[in-house]
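One chain, chain A, links the two complexes that follow: it is found with chain B in the first and with chain C in the second.
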Partner chain A sequence: MTSGPRAVRSVSGAVSVAGALVVWVLLLGPVITLLTHISGSAIASSLSAPGALQPLVTSLEAGGVTLVVLLLICTPLARMLARGTLPFPRVWEAGVLCSLLLPPLVIGLLLVFMVGPYTPFGELIGHLNLSAVNTFLALVIAEVYESAPYYVLGAQAAFASVDPRLEQQAALLGDRPRRVFRRVTLPLAAPGLAMALAVAWARAMGAFGAVVVIAYHPYGLPLQIWTTLQATGLPSALPFALVLLVVALPLPLAAYIWSARAQSRRRG
Partner chain B sequence: MLRADVEVDRRDFTVRAAVEVAPGERLALFGPSGAGKTTLLEAIAGLVAPRAGTIELAGRVLTRTSSPRVAVPAWQRRVGLLRQDPGLFPHLSVKANLAYARSSRTRTGATADGPGHSGGPDGTRGTVSELAELAAALGIGNLLGAMPARLSGGQQHRAALARLLLAHCDALLLDEPYSGLDVALRRTLTALVVRLVTERGVPSILVAHELADAQAFATRMAVIDRGELLQLGPPDQVVLRPASVRVAELVGYLGFAAVADQPGVVAGIHPDRVVAGRAPDRGLVLEGSIAASRPAGAGWEVDLAVPGVRGPSAVTCRLPDQPGSSGSPLAVTALGPPLFGADGTALTAGPSAATGAAPAAPAPAPVAGGVAATYGTREARAEGTGR
Partner chain C sequence: MVAIVGRMVDLRNRRGAQVAALFAIASIGLAAAGCSSSPSTSAPKVPGTANVAYASSLQYLNTKVVGPAFTKATGAKYLGTSGASGTLSSEIAANALPDANVFESVGSDNITPLEPKYTHWYVQYAGNKMVLAYNPNGKYASQFEAIASGKEPLKDLFTLLQTPGLKLGRTDPNIDPQGRYFIEMLELAQMYYNLPADTVTNIIGSPLNSSTSSEIYAESSLDSVLQAGELDAASAYYTQAIELHLHYIALPAMINLGTAADGAYYSKATITTTNGKVHSGEFLVFDITIIGKATPAAVAFVKYTLSSTGIAQYKQGGFTLLKPTGFGTGIPAAIRSELGS
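What follows is the complex of A and B.
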């Protein structure tokens, strides 16, 4: 913001600002299009249909469970990756990258062979009368697999940005490791962790590729959009797209604002 | 009392050192960069594990590699460490930084260490006023509400020092804390640390690769090179009577001249301990021609080419008066120079280290005229020390 007026003073500066504006508007194009092609009556009729809001609830629930799972199992991994406390750290990182590079659709296919009803895992949870195909559990598994690499890499960067000498100093001042983590590591990594979590949330809410293979039911929002699109066409699918945006965006937005404020508070 | 007698493995060599620091005493570890000084501090602080040895502090065994093994973790050692980076927590205000240790000790310290610590954590009584008093004494009283990023480098160091003192550590380790600051600020802060360490009566160790920093701080000085403790003594003693040629080089001797009537014996020439003219009763007379000269501080630095058996070699000295032009002859006297034998170790029967106007007693035979030979190349001298 402060560099804007300064850049406009020269011709080349004005050109580069204009160029940046064009790219920015193009990136926001889909959102703008959505807002211009949707009418209030369409929203009302789409959302008032019986059971129309059930996918929203399903998506929120699955997304929430996914975030909790990521926080619990992936945060320690990210911290160990960042601190280099694991043997052969490159191998571990390559593994995380590998899962990031898998197309979601492929993840879904492979998950069927991994946790489907005729696999050891499937039989194991079958004894508990559970199934990892076309269930809420399957939806969560698919969302975890689609979002975990993004969270791990983001959280790893967040932890790596914490100066280890600050943690040493905290220890020398009398804090045992868990207190060092709570009082120094976590607060310093928190802005980065929040952003990583926000990205993971957006991935989980929008998860489609793996979900359509392994968890066609129960419908989450993305599948509802897909089936509505196939059944009744584009215009009736748009309201659900808007709903997806509205529920998926607040958390990343809040995380962004919060982490920006935390950074500026540190600058005093 | 802080006692450390350890061997710590590093990638390229092993640091071996035995030091003892009494309460209120200030020891300087002096040596070139990469000599292993910081490694020794980190071993005492519990940040690296020694391969062998013991570390004791205030009657507590912190490290013992022999049976029964002891390895007290860093958070229970009560050792304060100050580095070049002040290391204030950026997410906490200055006040919260200063109070950081207080809230740790009240929960973990009391159970971990038991009794035996004076001036220790006594809950909340007096802590608020102690913080305010110390902050005021260190000149950061009006910055308590600020975030660390707002402070200047000197202010950050004052805050870091206050934080350590409020932690009531049993020992204070300083790892070149002020080497990044300008000279005036460095002096002020060093004087401040000296005063506070003396007041509190804690043993303290400063790591320095600048001799002036070590001298400004220390009551005793240890010279370390490639992990070996070469000499330990009062700072003036170490500089005036180096134990070996290597120590002499490290503390600033820039030339070594052969002594005429003692074969194999060389005299160390320190640029600051040279006077112009012939004064055979005060030390070793050197005669040669001026190779180069340049202004240095408030005087001049002269490279003097002294002809010798193995060819001429430069001896550097600092003189108050401007010397003649290049090539002109010059005679100087090195005051009571330390003498070293062929193996590079100091000869005990050398000149006395007496300072002041009194002439040094058994001065080496004055050189008649340009027969002083230097001790050889720098590499040869390094080999001579056997390191």
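What follows is the complex of A and C.
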């Protein structure tokens, strides 16, 4: 008599797995297509050209600086949003959502008004022989603007998942706020923060819309793909897309695995 | 912050005027289609879709004027894909634009590589020319205006462009034809005005084919950065200056690459791109062809573009009119009838 429900469960499980597989394959469709359209010789030819890997270095450096900026500036904002310690919290959240909703190309166009060489900011940094257009600084600014909303919203959720009573108990035991943050809040929010940072990293590495407007130089990987496509066509551009995937993927993947393990340990 | 908001409001007002002017051009185009002697309500509708891959300098004209007018006149659908001519040619060759059945290119050298697999012919039908667009509110606006109005000799432009701190914008000569044309124009100016031999390098730096100069912007953003007031001057096609209502300095025929008769002189200017290819100056001409099978909609689009109505729309957009001339073999009869008209 028990074989019937067991069989149903097993069929239902198989259907779920098949469904998940279909969705996974569909989501990975472009990546699978990429792999079927590039050859080893095309990869070798594209990547062995003089200076071909400089955009990779540029992307890694700019992405790294972007993450540091996000950690330093956006983490406190995310925590205050999560704890509701800011006046008019909805206004702050709406501001973050606005920057999330703006198409990256529009962000780039508006950044020209904000940081262009003849703006007050542009003239100020001009005295230091710096420019926020077509420079490494411009690339970081564009990547920060494209990735910050994703990090803030992810980090806000991570901080919100920490039970405030634990922080209150630590405070009652005499810990100062900074120590409470370091010893209680941060460890508990870390898995979520890691995921938020991973998403921001992926966003920064793939940033294009704002970058193409204010940071055409120095080339990062997305612009390298674009300019190679224009200069020599699709076959020579695709290997750089593969490089982008290979370089950008490990960090989010590691963050996801670590985050999932940390959460399962906490549950277990 | 107030200054930034003020500039944005100022730009919005200017945009308002531009939108009104562009609306006027579009209205003329649509009116022309309505008055056209081409197939009207009594004529049978052309089936299918003209899927046109076109040089990005035709974007406004095709999107706002020719495309809608073509559909109204023939009943065929219109779909457009814009891009750098070289990129579009590469994409067609790589089957990355499988639906494209018409190709409008700057220069036939982007069409001939597609022969004989995709086409056997092309028709030259319109021309363009180079100008220098400038920021009317910038630090050097009065000097640019004096040259534009003829109060100062045009030769002085090339001295002004060498001013340290002047912010010039242009596109990458290795991937965008306009980037090459701008350098060729400077070389021609250096020869034409007997300017010192280092004039071009003083203006754009060295090497000439550098992709990493801070002057270089994406084609899609160059005009926006100029309009935002963050550049003093930028390279531009005459048609762009008209469509976007940019302030510009017209250049003499001997250096603006806009006269077919001066082609031999233009060819004295050369730029070698980083892939080793040598590009010589040439008349800026638009060519059109059909890609693959000549479907009724594709034939109708080419025929419409070359018709008196289509050519009038190009004239309205600032393009130079040419007697449509065919090259190659196998031009469909319906299109041949428009040649030389």
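Criterion: the second predicted complex is superposed on the first by the 250 of 268 C-alpha atoms of A that agree within 3 Å, B and C clash if a C-alpha of one lies under 4 Å from a C-alpha of the other, contacts with A are read in each partner's own complex, and residues count from 1 in each chain.
Quick note on the criterion: contacts are C-beta pairs under 8 Å (C-beta built on N, C-alpha and C of every residue); 3 or more make two chains touch, one makes a residue touch a chain.
The shown structure was predicted, so the numbers you read here are calculated from the model rather than taken from an experiment.
Student: With the two complexes overlaid on their shared chain, look at chain A and say whether chain B and chain C clash or fit.
Tutor: fit
Student: Which holds for A:G108: it touches chain B only (first), chain C only (second), both, or neither?
Tutor: second
Student: Could you say whether A:P235 touches chain B, chain C, both of them, or neither, answering first, second, both or neither?
Tutor: Second partner only, chain C.
Student: Could you tell me if A:T119 is touching chain B, chain C, both of them or neither one (first, second, both, neither)?
Tutor: A:T119 contacts chain C only, not chain B.
Student: Answer with first, second, both or neither: which of chain B and chain C does A:H217 touch in the superposed model?
Tutor: Only chain C; A:H217 stays clear of chain B.
Student: Under the stated touch criterion, which partner chain does A:P187 make contact with: chain B (first), chain C (second), both, or neither?
Tutor: First partner only.
Student: Is A:R165 touching the first partner chain B, the second partner chain C, both, or neither of them?
Tutor: The first partner, chain B, only.
Student: Quick check on the superposed model: minimum Cα to Cα separation from chain B to chain C, whole Å please.
Tutor: 41
Student: Touching residues of chain A toward chain C in the complex: what are they?
Tutor: Its residues touching chain C are 108-109, 112-114, 116-120, 122, 131, 133-135, 212-213, 216-218, 227, 229-235.
Student: Spell out the part of chain B that touches chain A in their complex, as residue ranges.
Tutor: So the residues of chain B in touch with chain A come to 45, 47, 73-81, 83, 85, 87, 89-91, 100-101, 104-105, 108-109, 146-150, 163, 167.
Student: Where on chain A is chain B touching in the complex?
Tutor: By the definition above, chain A touches chain B via 163, 165-166, 168-177, 179-180, 183-184, 187-188, 262, 265-268.
Student: List the residues on chain C that touch chain A in their complex, please.
Tutor: The contact residues of chain C facing chain A are 3-4, 7-8, 83-84, 86-87, 90-91, 93-94, 96, 138-139, 167, 172, 174-176, 211-214, 216-218, 220-221, 224-225, 228-230, 275.
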